[in-house]
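The structure is given below, and queries will be raised subsequently.
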Amino acid sequence: MNLLGLYNYWIYIFLLVVGLYAVFVKGNYVKRMIGLGIFQSAVFLLFISMDKVEGGTGPIFRGVPTEGQLFANPLPQVLILTAIVVGIAVTSLGLAIAIRIREEYGSVEEADTRRMDDQS
Amino acid sequence: MTNQFLLLVAIAIPLIGAVVTALSGHNRNLRDSLMVGGATLGFIAVLSLLPSVLDGSVLAVNLVTMMPGLSIAFAIEPLGMVFALVASGLWILTSVYAIGYMRGAQEKHQTRFFACFSIAIFAALGIAFAENMLTLFIFYEVLSVSTYPLVAHKGNEEAKRGARIYLGLLIGTSIGLMLPAMLVTWHLTGTLDFQSGGILQDNVSRGVGAVLLLLYMFGIGKAALMPFHRWLPSAMVAPTPVSALLHAVAVVKAGVFTVLKVSIYLFGLDYLESLWSSDLIMWVAAFTLLAASIVALQKTNLKARLAYSTVSQLSYITLGAMLASELSIVGGGLHIVMHAFGKITLFFCAGAIYVAAHKTEIHEMDGLARKMPITMGAFLLGALSVIGAPPLGGFWSKWNLMLGAADAQHSIMIAVFLISTLLNIAYLLPPVIRAFLLKPADGAQSKPGIEEAPLFCLVPLTLTAIGTFVLFFVADPIRGFIGTIFGSVM
Amino acid sequence: MMTLYDQLPVLVVVLPLFLAPLVATLPSRGKLPWLVATITTALTFAISISLVTQVLETGSLTYLLGNWPIPFGIGLYIGPFSAMMALIISGASLAGLIVSASAMDNEVPAEHQSLLYSCWLLAMSGLIGIVITGDAFNVFVFMEISSLASYVMVANGPTRQGLTASFKYLVTGTMGATFYLIGVGYLYMMTGTLNMADMAVRLEDVSDTLPVIVAGGFLILGLAMKAALFPMHAWMPNAYQFAPSAVAVFFAACSTKVALYVMLRFQFQILTPNLGNHLELLNALIMTLSVIGFIAGSLIAIFSDNLKRLLGYSSVAQLGYIVLAISLGTSAGISAAIIHTFNHAIMKAALFAAVAAMVLRFGSSKIEDLAGVGKQMPLTMLGFALAGLSLIGVPLTAGFISKWYLIQAVLESGTLGILLTLLILTSSLMAVIYIWKVIEIAYFQPARQELPPGRREAPAPVLIVLWALVLANFWFGIDPELVLSLARSEAVNLMGVGK
Amino acid sequence: MMTFFGFFTLTMVAVVAVATVVSSNLFVASMWFGIFSLLMASNFFILDAADVALTEAAVGAGVSTVLFMGALSLTADKESIRQGRRLLPIVVVAVVGLVLLIATLEQPRLGDPLAPVHQHVAPWYIEKTPEYINIPNIVTAILASFRGYDTMGEVLVIFTAGIGVLSVLSFKPKKRASISSEELGQAIRGLQHHAVLRVVGKLLIPVLLLFGLLVQFHGKYSPGGGFSAGALFAAAIMLYGILEGADRSAKAMPQKVMINLAALGCTIYTGVGVACMLLGHHFLDYNALWTDPQIAQYYGILMVEFGVGLTVTAVLIMIFNAIANRATY
């Protein structure tokens, strides 16, 4: 259990790496946004993994709270609710820009747009 | 009005003159007369400061203090006074001459030219009266920048290239070497003020001080110590009045003046003498002095030859400073004056020759004296003065420098001075000899009769030539006046 | 019962935040959105001035949001540096807005302006929100507000390159923010709190553990991306070049500096005491990057043929100076960093204001197109030249004060200091070269295109802003006391030792 | 059992993530990405984060997938094979991963009750929420009151995104977006020719709306709140748009109205805060609103949550319409 208790964090790291890789390597603007999405989700996982308490329940009172009743940590959840909305905001803006780029340049591949910018 | 105020006025007049010139550009007669008027006014203002300095009272103005130990402040001390007098005095003649030259040669952008010209003088006065290194530095840079348009005046590629080298070297050395030296100085001493006896010796180790000296001496690019002398010849693309201003009055003199100030008031002679690098600089100066003269020998273009002669003459003063004996310092101070008059005469003549006969090469000048006797006569005087032959002013400065060398037990430097004197003769007299003794090569188009340059040019060069002669007799008071730096009137 | 005076700390961000959505709903035609935005900004500017005075008189201010005790609620913390940053941000925004009064119409279609000005206010309040908060996560939230608004403004640039620039900016910015969030996450994991001051205290139990070191690394890395620190700078020159000129005035003065502010807060308030011997490693890393940054930045600036781009790269270099000062880890370093932050803001704002005017008249910011601008727009070009002197660091200008303090701070570190000094001066020389390059073309070359007589000099509002900023450059070059005192007291706050 | 299920879904997530990145057909990729979000959501649920799970499901799996689809229909559905330099990125990424991996060794284990996160601030929330605010859902309490300032910033982020997308996409395109005719028709007509889909879909819409309402106003007792509710409403509208055609949904709710609603939402939130100030309390100190603090908090939270829901809904619809109707220019 000791090391398995880190499994969540390892997965988060893996997702982070995959997402970053996509952002760095992919030339397609839409694909990059997807990579960015994965990258951000990784961070969600990081935070949410912190909130778990062994033998605890979700941070919602059902009936009267008994003594020694364990709850998951509500704070990371709040933060990630926020972060998720940031994520969708960034994604939608990025996609909108990508659409315009396609209209202006006729392509959503960075290689093409850069070439055209260099020519102009 | 108080002397403090007068001091500020004296510095401000050229600046105001620049503005007035720029505004009155539409009417050139008005403009030019205003400029000459301003120059005269400036000279009078500076002159009127003389008495208060002579009676030894300290005259200082603190304009702004940015940080403790960092301020824009002015103060008058003998050396600065001399430099200021030379600059503002020759400014009058140069501007008169410039008017004649520019009109004679139908140059363009005359207004810009004259405006920058005045700013340059403003900067020179600022340097002369600077009370601390920072102030000096500021005006030093103003001088560099304000003379760029003058050098680049012709506007063709060659002029631009020359001007870039000019500015690049001056700014580069000052920011790359002098500024760090200042920063370290302030870091170690907490001040940049000029104090008699220097500010470094108490709280800077000899090792650091030696490095600082190197930074300062090579950082003062205007003193044209080799290998940072290239800017001077490349500035030769400028119109001749500019060369006169650069090589006799403002720029180069500002350089060597700074050298003297730094040596006397930042390092102090005793401390300076104790640094290993002062000997090194001395040898560099000696080398520059001889090498430049030899280069001058090969130059066939008159202005180029004069330029290298200047490089060599400046090293006299640097060398004098490094000898770090009172006599040699005084000799250096004197040389600022003497060389100023001698060299400006030579350049005036070169310009006059160009305007009247359109000749720039020395071999073209055979028999020129028949056409332009006055000019060539003045040239002879100037040359002799630079060589240092009595009864001309140049003699005294060299004399004092040699005494200083003896005084500082560097007798070998006396030899250096003597050799260079011979070289001076070798490169300065040929033009005169050709002009007076040989007969014109091209007999065809040479019709008899006088063809002097316009009066505007002729009068100033005559006056300066006479000046070199007069200075021989009034040298002693000046010498004494500079001597008061060290308290003792020699 | 709280008076208005007590509410100022939160009003400085709430006021624009409250009005921004309204601006978006205003009719786009006409100057109404601009007017509202400008008035709001002016008020914000006034508030930040009073905040600066408050801080100078009574020391740092704190404000509990929702009146919940920290660390459980979010608390605002306004120290000297925060107040100064708020002043810079609102001031830059005001300058930019005044410029945009005449410069925006020919770059952004009218029907978008209400949205644009709404974003402008959001960006401003976001940036201010970052500098006045005392909560690590809250920084992230406001970072996102300002960043998103900035992406939008860049994307609305006149040319299509605005879009690619904006996308690049968006990707880098989001990565930076997320890295920052990771760092905060690790700190939270080890301390259980999000309040910076509280973090600093509670980290002592776990100082020098791996997660804390990682946190430090990620925080610095993320903020470096946001601050366009070399080599994460690629987005910035593009963003400045292709954004609407007026927006560039605003950004150039403050946007990246906010990230540096946060970096400085974390560096000294949280990391320095708790990284043990790994701190030197971190500092050494940052220092190397900053040095490469300002040398490379200046070098590229020399060879760039577009004025906006040139200034962008010069900003890369200038930010390098600030980061170098931070990396020294001394109180002199803090002061130097703060001083240069302020001075660089006023000089860059002035330069970009001048450029905005030239673009307005010549329709291009290519340097060779601006030949002879010195004759055709004398006042503008003179302002540019003077601000350029400040950028170089000529005495009597604000730039000189910055350089002076920076170098004095650097010299404290012995032989290394000498080397750094020489490098700094080298890059100053490069600054001389690239500014001179512009001046030479502007003054000593025949004009490429003759402007119609009526439209030569820049419009009055731009000139007013430009010259106000230029005069500020000289004012703070001659009497830097205000900036110095703020810097000193911040240094005392962060290091406990005054200088 | 639960932990095992956790491992399983986590592993799945990792696999799906790889699949998302490698598949060069972008439609497929965005589908994978939707599944990825769904798995993520279920993970969050396992980790006792019901609110987050709900929001992630609605936003990540629902909305963002739709947006990606719309975007792809306007750009290109395949990415070109040629890609940038690989070596440097791989090295950088590997280093980052390695560093983090090492760091995990000194991290507290999953669910460790003694971890610092569970010591300092969190217990206070759990302890004080009943006393100060007295609503069962602690997350909502923190979100809307203790850290209400963050949430306000959040609303403005989403608002910024909304007007941003609008300002970027309301430019008249210089040339028609070059997409195939049936894609174009698709975008306009939606799925009108698929009768079955339409009927089923139509049935879904009211359900979504109802669920949204529940989440919105019951969010203080059970998981939910403005964000997830707004996402659900928006999802319903999007479904309508997909079925009936984006032009219809756009006609039904014109952008101008949406902007005003979004702005209204923000203004409600900030307005509540300002009201507290005017009443002489701190910004967002709901206790100003009523004599009894608990009731005051209750209504304060109610109002700001409504503001959140309004803005999120309006903005998401705005974005959807902007992207979907791009094709119809």
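Letters A, B, C and D mark the chains in the order given here, with residues in each chain numbered from 1 onward.
Please note the rule applied: a residue touches a chain if its C-beta (ideal position, glycine included) is under 8 Å from a C-beta of that chain, and two chains touch if they have at least 3 such contacts.
Which chain is which protein? Per UniProt: A = Na+/H+ antiporter subunit C; B, C, D = Cation:proton antiporter.
All figures in this text were calculated on a predicted structure; none of them were measured in a lab.
Enquirer: Which two chains have the greatest number of C-beta pairs in contact?
Expert: A-D
Enquirer: Average the C-alpha coordinates of each chain, average all protein C-alpha coordinates together, and give the chain whose average is closest to the overall one.
Expert: C
Enquirer: In whole angstrom, what separates the CA-based centres of chain C (Cation:proton antiporter) and chain D (Cation:proton antiporter)?
Expert: Once rounded, the distance between the two centres reads 31 Å.
Enquirer: From the mean C-alpha coordinate of chain A (Na+/H+ antiporter subunit C) to that of chain C (Cation:proton antiporter), what's the distance rounded to whole Å?
Expert: Using C-alpha averages as centres, the distance is 28 Å.
Enquirer: Please report how many Å separate the Cα centroid of chain A (Na+/H+ antiporter subunit C) from that of chain D (Cation:proton antiporter), as a whole number.
Expert: Measuring from centre to centre gives 12 Å for this pair.
Enquirer: For chain B (Cation:proton antiporter) and chain C (Cation:proton antiporter), what's the span in angstrom between their mean Cα positions?
Expert: So the centre of chain B (Cation:proton antiporter) lies 46 Å away from the centre of chain C (Cation:proton antiporter).
Enquirer: At which residue positions does chain B (Cation:proton antiporter) touch at least two other chains?
Expert: Residues of chain B (Cation:proton antiporter) never touch two or more of the other chains.
Enquirer: Please output the residue numbers of chain A (Na+/H+ antiporter subunit C) that touch at least 2 other chains, ranges allowed.
Expert: 16, 20, 29, 50, 75-76, 79, 82, 86, 89-90, 93, 97-98, 100, 104, 110
Enquirer: For chain D (Cation:proton antiporter), jot down the residues that touch at least 2 other chains.
Expert: Residues 100, 105, 107, 115, 117-118, 121-122, 125, 147, 150, 154, 157, 160-161, 164, 168, 171 of chain D (Cation:proton antiporter) each touch two or more of the other chains.
Enquirer: Report the topology of the inter-chain touch graph, choosing from line, ring, star, complete and other.
Expert: other
Enquirer: For this entry, which pairs of chains touch?
Expert: Those chain pairs which touch are A-C, A-D, B-C, C-D.
Enquirer: Can you list the chain D (Cation:proton antiporter) residues touching chain A (Na+/H+ antiporter subunit C) in their complex?
Expert: That would be residues 6-7, 10-11, 13-14, 17-18, 20-21, 26, 29-30, 33, 36-37, 40, 43-44, 47-52, 55-56, 59-60, 63-64, 67-68, 70-72, 74-76, 79-80, 82-84, 86, 89-90, 92-94, 96-97, 100-101, 104-105, 107, 109-113, 115, 117-118, 121-122, 125-126, 129-130, 136-139, 141-143, 147, 150-151, 154, 157-158, 160-161, 164-165, 168-169, 171, 173-175, 177-178, 221-223, 225, 227, 312, 316, 319, 322-323, 326 of chain D (Cation:proton antiporter).
Enquirer: What residues on chain C (Cation:proton antiporter) touch chain D (Cation:proton antiporter), complex-wise?
Expert: That would be residues 1-2, 7, 10-11, 14, 17-18, 20-22, 24-25, 63-68, 71-74, 109, 111-112, 115-116, 118-119, 122, 129, 137-138, 141-142, 144-145, 148-149, 151-152, 155-156, 163, 186, 188-194, 202, 206, 209-211, 213-214, 217 of chain C (Cation:proton antiporter).
Enquirer: Which chain A (Na+/H+ antiporter subunit C) residues qualify as touching chain D (Cation:proton antiporter) in the complex?
Expert: 1-2, 4-11, 13-22, 24-31, 33-35, 37-38, 41, 44-45, 48-62, 65, 70-82, 84-93, 95-100, 102-104, 106-111
Enquirer: Any idea which chain C (Cation:proton antiporter) residues touch chain B (Cation:proton antiporter) in the complex?
Expert: The contact residues of chain C (Cation:proton antiporter) facing chain B (Cation:proton antiporter) are 394-396, 400-401, 404, 407-408, 411, 418, 421-422, 425-426, 428-429, 432, 436, 444, 477-480.
Enquirer: Using the touch definition up top, name the residues of chain A (Na+/H+ antiporter subunit C) that touch chain C (Cation:proton antiporter) in the complex.
Expert: 16, 20, 23, 29, 32, 36, 39-40, 43, 46-47, 50, 75-76, 79, 82-83, 86, 89-90, 93-94, 97-98, 100-101, 104-105, 110, 113-114, 117, 120
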